Amino acid sequence: MKLFAMKKVRKMIAGVAVAGLLLSVSGCGSTASAPASGSGSAQSGTIGTAKIGVVSFLTGGGAAYGKAIKQGLEMAKEEVNTQGKVKIDLLFEDSRGEKNEAINAANKLVNKDNVVAIIGPTLSGEMFAVGPIMNQAGVPIMGTSTTAEGITDIGEYVFRNALPESLAIPAAVKKAKEKYNLKKVALMYSNNNDFTVSGYKTFEKAVKDNGLEIVTTETFADKDVDFSAQLTKIASLKPDAVMVSSLYQEGALILKKAREIGIKVPFVGGNGFNSPQLIKIAGPAAEGAIVASPWFPNKEDAAVKKFVSDYKAKYNEIPDQFAAQAYDALKIMATALEKAGSTTDRKKLRDSLAAIKDFQGVTGKFAFDAKRNPVMSATVLIVKDGQFSELK
Amino acid sequence: MFWQQLVNGLTLGSTYSLVALGYTLIMGVLDIVNMAHGEIFMFGAFTGLILASHFHVNIFVAMLGAALVGSLLGIILERVALRPLRRRAVSHLAPLISTIGVSIFLESVALKVFGPESQAFPQTLAGKIYTIGPMQISLVQVVILAVAFGLMLILRFWLARTKIGKALRATAESTETAGILGVNTNLIIVLTVSLASGLGAIAGVLVGLTFNAVEPTMGMSMGLKGLAVLILGGMGNITGAMFGGLILGVAEVFSVAYGASSYRDAVAFGMIILILFVRPQGLFGAKDQTGGR
Amino acid sequence: MDFILNPYYLQIGMFIMINAILGVSIYLTLATGQLSLGNAGFMSIGAYTSALLTLKAGFPVYLAIPIGGFAAAAVSAVIGFPALRLKGLYLAIATLGFGEVVRVVFLNLKITNGALGLSGIPSLGILLGKALSSAGFDQGMGGLSVQQLSNVSVLLILLILVVFLVFFSLRLSRCRVGRAFAAIKTDETAAEAMGINTTYYKLLAFLLGAFIAGVAGALAAHITFYIGPKDFDYHRTVEILLFAVLGGSNLVWGPILGATLLTMLPEVLRAASDYRMMIYGAILVTMMAFRPQGLISEETLRFWKAKLGRRKEHDLNS
Amino acid sequence: MLKINSLVTSYGSIKALKGIDLEVPAGSIVSLIGANGAGKTTAMKSLVGIIKPQSGTIVFQGQAIQGWPSHKVVGLGVSLVPEGRRILARMSVLENLEMGAYQRQDMEIQADMEKVFSRFPILAERRNQLGGTLSGGQQQMLAIGRALMARPKLLLLDEPSMGLAPLVVAEIFRVIQDINREGTTVLLVEQNVRQALKIAHYAYVLETGKIVLHGTAEEVAHNPRVMEAYLGGAKGMK
């Protein structure tokens, strides 16, 4: 390798020279990444059209979530555009659940399409990669489904309206313990998904805080379909309840298999259980599944009822929490834009987002705390007669 | 619990075996790993699902329909992705890549056509559970075990006794020799690929039925497991595929039952790495085919 | 200029460079005719090693990255000895299996934070930005912001690395080691009979490939702030393989062109987002049917050399 | 019966056959002799469609068959006993013979099988053994037997004596003569020139892809060049 030494040095010199050249030529300046200065002049009640980028998991394995998010956002967009002072233009980009693609998608939206803010990406892992770049570039970014710990620690431009499981899960565990007099429980979680692992950690802590004994902890992976081995093991240990941190698909299959092999105890789920799909796939096996959620489609609330019926009319589905949170996210964004009085100024938008308080969305009353995490309350739900209803 | 877990393992394993059979047949005859096999498996599952839920056919008719669709896909695959490469002296990488291309294509078509959500079979067989001694076995499990073993036995018999089966084995050994004996080897290759794909499609229905989830990406993970079985049992070895699948299924289930479930996915590939180092020809491979292909 | 300095394109440029490095890593093992599909695994070892060293042990980035490479090489030495007894598809699937095992191990280790991955990894761009600021460029330079300046510098560093690797590979193919590689690729038995220590050279190629993949992984970790086991799964393995196959694996230019095209392709096809994976798959099938040797082969090079005259030749040798 | 006209076959850019002409009259034994690498096997492979010839014609019983796939050529009644015998090692002796009769649908397959067994009794003994476990000589017998199972009109033999003990070679050649006497035309490719010329009626000498000499076996055997190059000097053929 010695013989390279000389040439390496020469190459490096050449490299530096090229760099210098590049820099001197670029004297013409570049404002591509800087937002155009805000046109605050509000004419006849509107402040113009805001371009908002969406980075979402639209194709590939997790596209089901991306789809729900997209539908939620589009519903919100239509409503905002027909009634609000601000018009919104949504630009969707697919991340395929890959962090590099998410980075590229976000960069494209910001630097090519010049969006004012970004909603997404879908996965916490993607957010950990995209967040710092957006934060550095000064673009507000809001996750609607990124529940992992530490997301908003990335920086002051990073927001989320996804209810962290640290709020939801303890509520569910506590309620279930009181209601069913639980003593020992089994834990199950999908171990290759940041979202469910984070949920599992919260479960573990909540279970310990409630003084429950953990008889076993079993794992599986996303997209697994066979849970018979884990459940057979759990059945033999006879726990009073099973706590599951998974996405709805695996959750539903677990419920089905568990009921089939005769596990009749209550199942407490993480955020992933909170989907009509869970009931659809698991059918009668879903009965008795417990979950805490900010989103409750059967809530006695006019806004919720309207949202559910509109959504059903449009997409022939009941909205799940991904759709609901995405719907709220865009509404929050629109409110912040209105307050900021600009559709292009990212700094103003960030500040007005951070100041959001007492926002009434379909997922309940909402505010950002000092760390840009949501402040909202969770309802504990139980599946009864094929529907989510409040566990009282 | 042991017996129950054994049943679980055998059920899982028999699906692996069926998937691996498809790989093995194509590997044996063409010396190619068909990376699109998992996606054909997935299309089979969807065909079965559509037949069962929209046309309310009997589950065995659904399997037949899936097998037909699978075979058809196999024929197309052979025409589009394999035959153009066969005439030329290309590296053994080319068909690997070409079939990877097909697998990516099929998966994205499925995502577009069927949507990303997981779908379930109508509850035709579910619910019935038999208790035999310490074991509980569901009707679905009985069906999958019976169909898997039945198909494997038929395949074995067919290969050993029928004229076309023998022609297939001859082609597997040497395309050239089979040709000069009068075998239309192109036809045999098409037949093999479509047969393998048909089996894969049936496996898809069975897996969809047993585990009640059919979705576009299901082919990928199953495909990887099938590959593991291919190595475990010995490439191109039918017996190896059958027992390799069962062994893998049981090993995975037992790793959950008596070990840590989080390492379950490492079991499959850990096993094949071990096998390759200790016995590269696979558990059932003949000595003369050691790794030196 | 605006066009080139757009962070979007700069970022894609960085990914192209990282992928080009990965392309070189698979090219080196392919140069001996060994198809190793473990590169994603080695990449993850490099990435995690470097990320953990900087995050937990406070190592400086410039030291942690090569250590990541060495860690990958060390692991490759351990598995290389038994693995290289296998040939063709057997080696391919064994190394594919190795990659899966590595992924599952990272998924289960406490220090790697499982599926949650490692976030907040010190970024090359930000570090360079800080360095530039402290060097007095905090107002930027020549109309460029510090951020752009640091991005450009990162890209340049990567570019230099790629150029060096290409140069290294070209040099290699002209010296004794390279000729031994070629002999093994053509006919291993014959090479052995000629007195070439095939095990040694195969292992060397394997080690080099792993080292470079490890470095690429480490670089990727310090460019994207975050790594998780998912980044190094089967899909990544296939992607790396495709660089070599699409571009052509006989010359080092092949994988580099492959990496460039395949990194850009999804971006170009963004408009057709719903159909982009379909197009991607179709391209692969078509490629194999019409040009299985990849886009660049010796003939292509000869053709262009003839066309461009001796100048090109000179450039390649410099 | 078989007529080859200016047949050219190449591997990539290398021409292995540079335009050969050859004729096999019905009922005869024609021998194609030449050294290693002369193109003998290439000629055989081109004949049965394993390799596609580049140009030239192959006419079998009035039908141009160049470029046909192997299985169609076999269908016309041409069987090849390939170089190196190419026994199906993982199939039994019986199955190998059955594969020989692959295209036949008639009822006499069993009878033909018995005929092969009576011609090569050792095969009958080992009928259930795997092909790969047979000795070289037995494999050659099996290869010939397998080719005969197709009831060929023209039997092509590629180096049947290769690697066999002299006693076995003599046995094989005796069988070839028998087969010919029973009415099958034979095209024999051999390096064992002495033996080949002994049983052949006509002979062609192939050198580096070209026919350099042809005539009756007698003529060829007495050609000084042949005697020099293949038969070990003037004493060669008595």
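By written order: A, B, C and D. Residues from 1 in each chain.
Definition applied: a contact is a pair of C-beta atoms (placed from the backbone, for glycine too) under 8 Å apart; a residue touches a chain by one contact, two chains touch by 3 or more.
What you see is a predicted model, and the numbers here were worked out from it, not measured in a lab.
*Asks:* Quick check on the contact network: minimum steps from chain C to chain D?
*Replies:* Counted as steps through touching chains, the separation is 2.
*Asks:* Would you identify the groups of chains that remain joined by contact if chain B were left out?
*Replies:* In the absence of chain B, as far as touching goes, the chains form A, C | D.
*Asks:* Among all chains, whose Cα centre is located farthest from the one for chain C?
*Replies:* Farthest by centroid: D.
*Asks:* Look at the interfaces B-D and B-C and say which one is made up of more C-beta pairs in contact.
*Replies:* Top pair by contacting C-beta pairs is B-C.
*Asks:* Quick one: report the Å distance separating chain B from chain D, using the average Cα coordinate of each chain.
*Replies:* Their C-alpha centroids are separated by 42 Å.
*Asks:* Quick one: report the Å distance separating chain A from chain D, using the average Cα coordinate of each chain.
*Replies:* Inter-chain centre distance comes to 74 Å.
*Asks:* How many Å are there between the centre of chain A and the centre of chain C, using C-alpha atoms for each centre?
*Replies:* 32
*Asks:* By residue number and range, which residues of chain C touch two or more other chains?
*Replies:* 107-108, 274, 276-277
*Asks:* On chain B, where are the residues touching two or more other chains?
*Replies:* Correct list: 108, 111, 220, 260, 262, 265.
*Asks:* Find every residue in chain A that makes contact with two or more other chains and list them.
*Replies:* Those would be 59-60, 191-192.
*Asks:* Check the chains against each other and report every pair that touches.
*Replies:* A-B, A-C, B-C, B-D
*Asks:* Contact residues on chain C for chain A in the complex?
*Replies:* Where chain C meets chain A, its residues are 1-2, 4-9, 11-12, 15, 107-108, 114-117, 119-120, 123, 125-126, 141-145, 147-149, 152-153, 156, 159-160, 163-164, 167-168, 171, 224-226, 228-231, 235, 266-267, 270, 273-274, 276-277.
*Asks:* What part of chain B is in contact with chain C in the complex they form?
*Replies:* 33, 80-81, 84-85, 88, 90-98, 100-109, 111-112, 220, 224, 227-228, 230-231, 235, 260, 262-263, 265-266, 268-270, 272-273, 276-277, 280, 291-293
*Asks:* In their complex, what parts of chain C are in touch with chain B?
*Replies:* Residues 35, 82-83, 85-94, 96-98, 100-101, 104-105, 107-108, 234, 238, 241-242, 245, 249, 274-278, 280-285, 287-290, 292-293 of chain C touch chain B in their complex.
*Asks:* Provide the residue numbers of chain B that touch chain D in the complex, in ascending order.
*Replies:* Checking each residue of chain B against chain D gives 163, 166-167, 169-170, 173-174, 176-186, 286, 288.
*Asks:* In the complex of these two chains, what residues of chain A are touching chain B?
*Replies:* Checking each residue of chain A against chain B gives 59-64, 66-67, 191-192, 218-221, 223-226, 228-230, 232-233, 236, 249, 252-253, 256, 260-262, 277, 281, 283.
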